[in-house]
Amino acid sequence: MTAPITPPLVRMQSLHKSYGPAMQVLKGLDIEMQPGERLVVIGPSGGGKSTLLRVMMGLEKIDRGSITFGGKPYISSDGLDKKTNIDTEVRRSIGMVFQHYTLFPHLNVVENLILAPCKVRKERKSDATERAVGLLTRFGLAAKAKAYPAQLSGGQKQRVAIARALMLDPKLMLFDEVTSALDPELVAEVEQVILQLAAQKMPMMIVTHDMWFAKNIASRVIFCAGGVVVEDGPPEQVLGSPKEERTRDFIDRVFHIRQ
Amino acid sequence: MALDFSIILRFQDALLLGLWMTLKLTLICVILGCTLGFLVGLARTSRSVMLRTISGVYVDFFRGTPVLIQLFWIFFCLPLILGIELSNLASGVIALTLYMGAITSETFRASLKSVGPEQLDACIALGLPRRIQVTNVILPQAVLRAIPTLLSNCVSLFKESALVSAVGMADLMFVGQNISNNTAQPVEVLTIVALIYFIIAFPLTRAVSLIERRILAKLAI
Amino acid sequence: MNYSFDFQSISFAPLWEGLMVTLELTAAANIIGIVGGFLLALLIMSPIAVIRLPAMLFVEFFRCTPAIVQIVWFFYCVPMLFNVFLGSMTMGILALGFNLMAFNAEAYRASIQAVFREQIDAGIALGLNPFQRILYIVLPTAFRASIPVLLTNGIGIFQQSALVAIVAVQDLMYQGKTLATETYRPIETFTVVALIYFAVSFPVTQIVGYLERRRQLLMS
């Protein structure tokens, strides 16, 4: 095996996270992600998938462990003084899209997109607006530039949320169950946009319940349950013929329900 | 009994003067009270235990006692304690501002709380610094949400302002009572006074529900 | 400040008497408000305009005019207009009761209309007739939902009852005013009176807050 020339994009080492003593959500996760990989995380509810993404985004404190991003230290906690160090500079190169859109309801679509570029990167308003309109056009939302979130369908809102995250040119995108709140007929338009990003080699980490989507987007699938990685491999293996008993159970049940 | 509403025309000027006093008092206290309420609302969510306690006691006390006794206290006791004369208007303004500050602080506090934690998640994911989170995301939403309730707070203040008549301030109610005592025609005079209050307050309450619907429709995510 | 406090000269007996009158006013007004408010709520939701409009006018009038105007109007005008002469206590109870009725009617209406459509649909699906749906689904849900507002309004009328002192009902406020004049001790008297009002209202507002928090927890 040859050593990779570039460092891994993400290296998580022994991540521990609990909500109080009774609820251990992450029990020592070690995950490495190479540049250009599209990692899909599947598993039962409460298995720690969403927490994993939220930790990766720097939204949650951790009890112990560390994450490096592009070879640079990003998040660490030694488990002694209950303090989680997060490098906010590194955090800015990660974008995230949430299940419930979380657009800013008092701002219109373009304003939602340009808020961060103008305030964080001090970009000129006209430049940011131009880029925003370009992105919206690419996602088929040009007509909605001046609309408020309340005037959009769920699918449109989620596409706006993706565009908003892309405005900061992230090096990694996190998608946390982004189609779970959508009506079935709106799921495809959002998944199309993510597939479009995948075609441009955008590294991403995706939590989803949609196995069809997982199969189509993933370059690698991780099955997470009980706060640990149970199985990790290419989609054909984990989704098609899983090696682990627990993964097989889960996949069988999910597909059984769907049939 | 025969009612003669034409009596009102004779006292038109006096009533208008009273109404002007009522409106002036309300307007001054709306501005001062909302400012106070906003600051107190922030103090109640502050990290400092001292600020939280003081603002909490203030709000609880002013919401837990009749406005009439607050007014009496400020008219009769505050000058004694401060050792200075306070004009009627000054006392009225102090009393109603404190009342308005207490009720609007609750409005501001509730609207600040109504901005959900997922909005903060989104701010962090976009790398917005704390200051921008507050000025561009939380405050605008909180103020938008507060507007309908603030408007009803204003209507309440407008109504409560009639209490200053009990301490001898020449507002609409005071003038009305005087005319009614002097002419011995309370039915006509007091009914007209009530109608004047109604004509001003009623459209405002309608506006509240209209604005509420529009804002809720806009903020529904 | 060179004022020396003297709480000794405050005699509590008249204040106690006044408090009893205030509580009596509050309790009686609440009975009128809770029962009458419900009936009024049914009227303002009536599909028949001749019933609905006067009821709505009644509610809006009480909600959009100062309580002090209502009380003074009631004391001066009702005897002249209708030629009835009631004791001042009865007048006070009626004036406050009508005011509370209007506010409670709004609370009932809001919570009846907030009973979720699905709940009623479920009632239809279970084969309940319209009368049963109202009796077993709408009213119990709505009544429970309106309890916090009814309590808030009820304690509001406790505070508003101080207004009857202006028309010489001998309630807590009235006794306080008299005592302040007699003893030349306004600060001590009014402070004590304010504290008494506070001591009654505050626990009730705390209970309301608790009920609302619990309700939110149960709903989520």
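Observations, loosely collected:
Per-chain residue numbering starts at 1, and chain names A, B and C are given in the order in which the chains are listed.
Operating definition for what follows: a residue touches a chain if its C-beta (ideal position, glycine included) is under 8 Å from a C-beta of that chain, and two chains touch if they have at least 3 such contacts.
Predicted model, so just to flag it, every value in this text is computed and none were measured.
With centres taken as mean CA coordinates, the chain nearest to the overall protein centre is B. Chain pair with the most C-beta contact pairs: B-C.
Centroid distances built from C-alpha atoms place A farthest away from chain C. Chain geometry summary: the mean Cα position of chain B and that of chain C are 20 Å apart. One simple way to say how far apart two chains are is to compare their mean CA positions; for chain A and chain B this gives 47 Å.
A straight line joining the Cα centres of chain A and chain C is 53 Å long. Listing the residues of chain C that touch chain B in their complex gives 1-3, 60-61, 63-70, 72-73, 76-77, 80-81, 159-163, 165-166, 173, 176-177, 180, 186-187, 190-191, 193-194, 197-198, 201-202, 205.
Touching chain B in their complex are the following residues of chain A: 54, 57-59, 88, 91-92, 94-96, 98, 100-106, 115-116, 119-120, 148-150, 157, 164-165, 168. Looking at the complex, you find that chain B touches chain A at residues 118-119, 121-122, 124-129, 132, 136-137, 140-141, 144, 217-221.
Only residues 1, 60-61, 63-70, 72-73, 76-77, 80-83, 155, 159-163, 165-166, 173, 176-177, 180, 186-187, 190-191, 193-194, 197-198, 201-202, 205 of chain B touch chain C when the two sit together in their complex.
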